[in-house]
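Next, two complexes with chain A in common: one pairs it with chain B, the other with chain C.
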Partner chain A sequence: MKKISIYQIAAKNLLRKRTRSVLTIVGIGLSAWVLASLLGFNRGYDSALKKDIDNMGFQVLLTAKGCPYEAATLMLKGGTGLRYMSEDVIADILNQPEVEGVTPMLMQAVFDPERGESGAIDAYLGVDPATFPPMKAFLKFKQGGWFKDPDKHVAVLGYEAAELEQREVGDKLLIPDKNIELTVVGILERSGTQDDGTIFVPLRMLQKEFGQLGKLTAVGIKVERKADTAALENRLYDLPDVQVVSMAQVKNTIMGLVATAKVMVFSIAVIAILIAMVGVINTILMSVFERFREIGIMKSMGAMPLDVFRMIWTETVVLCLLGGALGLAMAYGLARVTDLLIRRLLPYAPTGSLVLIDGRLMLTTFAVVLGIGLVSGIYPAWRAARVRPLESIRGEGE
Partner chain B sequence: MKKWSVAAILIGWGAMSMWAAVGCELNDPDRDVRRLFPASTGYRTIYASIAKKGGSALLQRVEQRLGDRFQGLFETADVPYTMYRVLRGQETIGYIHGVNQKGRYGGIQAFLAIDSQGRILAFYYQRLTNNDARPLRSAEFGRQFVGLDLGDFDRYDVVSGRAAPGSRIAAVRNPAPRAEDDYRSTLRSLKKNLILCDEFLLGNRFLEKETGE
Partner chain C sequence: MSENTLAIEANNLRKVYHRGSEEIVAVDDISLRVAKGEFISFIGPSGSGKSTLINLLGCLDNATAGSLRVGGEEVLGNGRGMSEAAMTRIRRRVFGYVFQRFYLVPTLTLYENIIMPFAFYRKPGAEADPLAIIRFLGLENRLRHLPGELSGGEMQRVAIARALVNKPEILLADEPTGNLDSRHGEEIGRIFKSLNEKEGMTVLLVTHNPLMAALAQRTITLSDGRIVNP
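Then we have the complex of A and B:
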């Protein structure tokens, strides 16, 4: 006589109520999808934000106290409020052991009456051709390249600035008000950073033309990879009349802004998992109740409580494994859609992929779903193992 | 100070991302539509691109009608054009459309208001960077184009800048001789603008006249 294993019985039982099994698997799959996507988002967002900040080329920015240090803020302030620090500050910064390199910058703004109907502010960022390009090595050129002569009347345009001005290499650019003609020598590719909207010119030329020789508005500081950035920042605060802008601080602020959204989506994930757990318990418990008599017969034929427990538990685990596999396939296949949905929710989203799903994350999710299955299956399996054969056969069971 | 600095960077990031627009849009559509069409009661914004409407075949046709190739990094088939259909009640009373054109020192944004038959009602610059070209911004210069349509540009060569003798374009005077290049760029942008309006808004009514069909 052929012996039937409890695993075969478990499989047959799942196939007996196909619709119910499929719906349970879909429920678990959706929960696994949400879980994997959110774990992927947690990693992806951090990684994308770090990349964005690394793409700024320096980890610490030193500016003259009260000085807006990038074009957009300058425009918001109507091109006013520039403050300057002396170039001598560079020697003080280079004395710090954590500093790998520095790049001095000068920003200047002019009013362009020919732009729009009531004029607008144009901002120019003077950079040092010797130190700025190596620090921004990730910037790629669509046309041309960096200027080399610090005194020449030339410019490199971020892609969007070039697009707005319809400029290409060899074209002229006018600094209005001053009537200074620049030749475009480079157009950057899109970088997804504020560099896209920047007009870069040689630092010394800008200092001379605007009468700001020896003056700077900002210094970018590249910190040694393993150095203690916080300690460096604290010492920089001691320098007179400067403010320190730490990119780590920027990152923390953005993470703080996003934290609320993260808590919200993680709460949704927890609720989804709880719903899935209840769904699994409900499905298995119903199946146990429907099979009281059958379980009683199995026991009267010699099945031990542990055998019944294992059988019911197996059903739960199989459901969770299939649901987990479905959810992971969805998470992997729909990562781009999830990325778009999350971007709509967030106050600030960095460039690059926001949802990073790799093998390790998939294994983690699978383990979590399996764990949920094992826990969810305990109660129904325990109830099934407690069935008294005679009472269940008589139909007096629960 | 720290908080201010961080906020400034965040605002900066946001503000910079707004530079992403590559088309040519009105600075203030509500105000500009009312100014150009005082009788209007509303407007609809239409987005179109050569790439989406007809791809390389349409690009070729537009270039042929213009008499010049699209040039450079930014004059391409996938430039998104923003067009404004101006309404009085349910009736279309005209259109507003601007194009980007390379100028001597920067991008020229030249806007046209046309009636539903394609005749120019108004022309003005939203953007023009060249001190020598200041006279081009004058109302007198803009008024020279009022009443013209694409048919008047038919025999205007945008490459050489020559208009057929006796044509209405030949009668247009450049008030800024020292900005001849920006003047020519302006006329090229006007012809291109009218061709795009004909292709996207007027059902190619002038194409039939051009080909004599």
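Then we have the complex of A and C:
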């Protein structure tokens, strides 16, 4: 003999007003999507930013006081404003116990009147072939490889620089104004960092050609894994005419900027969840009111208040579980779209995936949506459980 | 009548409703004994208290005063009624209800509607009977249909089957033919008669229809909340 349970009655009841049930599920789904995407963003952003900073290859950057340390800043200043420090500083840095390695760098910028309609600034980063490549081991070459000779007139182009200059390995590259010809020996794959737009040249060659022998604009410092970076930074501050740029500080600054955006987006998520809860309560309450007499009949058949409570609560939970599943599928399937939307909102977005959705996050979201279902269902289920058979059959109390 | 042969014993039952400051006495000092296996019909004009009386007898409502025993168990004594949970336990053990409107669940098939009481309570010994009841009511060919596909008479037969599935001792029917045409009304009347005569089931029927009332062994007429032909 076929049997029937309270749960089957509850599940089938959701088919009664299909459009209403579907709309409620979609509402919950959208909330679950927003929630999962935001939780995923919270993790993804931190992870992407950390990866970006780790990909710089060094944890501390020492620059001459007042010298811009980012190519973009240099461009904004029209290639001017470079400050220099002596190469002697390297010995002082290497004396520090926390330091695993250093790589000296010299940035030079020249105006290229041939570029674009009104010319543009070309920046060249002189790097030490002995120390720079090992620190940037994650950089992969599309063509060629690193230069070995510190005095040779050669260049390695970042992915975007190569695209812009339309150069391949073996092609020549002219430094405007200086009339120096470089041979391209390597083109990097896209790394998603500012290295993509950089033209790398041998440090000593750049120092000679630009008359900056013995001078540097920056020194990248790789710190021992378990070393106290803050203590090292404090001691580096004592060195004359240098400024210390801690990547941890950079990360914290960016995180601070993003925190406002995160609070805003989380507020939207909370509102979305509240709206979903109200939607669920409304749907189930309407359903209870519509079935007032039917519930009364069930009670006359012997249904206890707890039976009715379970039946109505089950309906709420089923709606939320279906909505949660839909929302998670959307969050997972549309993670790329969410990524693009978030990038439009943020002042600085690191490379890599900003929305990280994994099994643990999906379980967390599912638990939250289930919690919403359990809480939202309490009031309608309680109202239904209180129905007195006679009053409902007579149509009172509706 | 000895106590073992009594299905219901009511003494001085009184039910008072309040509508604002107005006091409405729906049932006024009614005493009644219903023997096991008896078929009683209640007739009277609208507002005479028929439905209120069988709702009190059927443990769907608590009386304001009086005493009531159902199946030997005291439901109301010295003006103190039972809790809703205790009433529910008596209802599911003793009564089957049929109302004027059918209140079938539209998303459940006919068969699922009939066995729905089992979702809440399964009276020992009732499990094997649904198909016998279904055959008795001539519904065996429509088991997979939804209520929306049935006629009014068929829906009421489903409601009767649902009321019988837990083997009640007393069938309580409040205007069961009120929504049906005369042909289907007669059909339902014959079912009640048959249940009473063949199964020995106690039947309490509220009706406006004198032909239906005539099917019963005893007819009680009410007026203004009182029995006028004890």
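As a convention for this text, the second predicted complex is superposed on the first by the 376 of 398 C-alpha atoms of A that agree within 3 Å, B and C clash if a C-alpha of one lies under 4 Å from a C-alpha of the other, contacts with A are read in each partner's own complex, and residues count from 1 in each chain.
The rule is simple: a contact is a pair of C-beta atoms (placed from the backbone, for glycine too) under 8 Å apart; a residue touches a chain by one contact, two chains touch by 3 or more.
These figures come from a predicted structure and were not determined experimentally.
Asker: Between chain B and chain C, positioned on chain A by superposition, is the outcome a clash or a fit?
Answerer: fit
Asker: So in the superposed three-chain picture, is A:304 touching just chain B, just chain C, both, or none of them (first/second/both/neither)?
Answerer: second
Asker: Which of the two partners, first being chain B and second being chain C, lies in contact with A:253: first, second, both, or neither?
Answerer: A:253 contacts chain B only, not chain C.
Asker: Who contacts more of chain A, chain B or chain C?
Answerer: It is B that touches the greater number of chain A residues.
Asker: Using the superposition on chain A described above, determine whether A:137 touches chain B (first), chain C (second), both, or neither.
Answerer: neither
Asker: In the superposed arrangement, does A:171 touch chain B (first), chain C (second), both or neither?
Answerer: After superposing on A, A:171 lies in contact with chain B but is clear of chain C.
Asker: Is A:294 contacted by the first partner chain B, the second partner chain C, both or neither?
Answerer: second
Asker: According to the stated criteria, A:12 is in contact with first (chain B), second (chain C), both, or neither; which is it?
Answerer: Touch status of A:12: second partner only.
Asker: State whether A:393 touches chain B only (first), chain C only (second), both chains, or neither.
Answerer: So A:393 only meets chain C here.
Asker: Nearest CA pair across chain B and chain C in the overlay: distance in Å?
Answerer: Nearest C-alpha atoms of the two chains are 55 Å apart.
Asker: Once the two structures are fitted together, what part of chain A is touched by chain B and by chain C alike?
Answerer: Chain A residues touching both partners: none found.
Asker: Would you tell me which residues of chain A are touching chain B in their complex?
Answerer: Contacts found on chain A: 63, 65-66, 68-73, 75-76, 112, 114-117, 142-143, 160-168, 171-174, 176, 179, 181, 187, 193-194, 196-197, 243, 245, 249-250, 253-254, 348.
Asker: In their shared complex, at which residues does chain A touch chain C?
Answerer: So the residues of chain A in touch with chain C come to 1-6, 8-9, 12-13, 15-16, 293-294, 296-305, 307, 388-390, 393.
Asker: In the complex of these two chains, what residues of chain B are touching chain A?
Answerer: The contact residues of chain B facing chain A are 1-2, 5-16, 19-20, 22, 27, 72-74, 100-108, 126-131, 134, 137.
Asker: Taking the touch rule as given, give the residues of chain C at its contact with chain A in the complex, in rising order.
Answerer: 55, 60-61, 84-85, 88-89, 91-93, 95, 97, 99, 101, 103, 105-108, 111-112, 115-121, 127-128, 130-131, 162, 166
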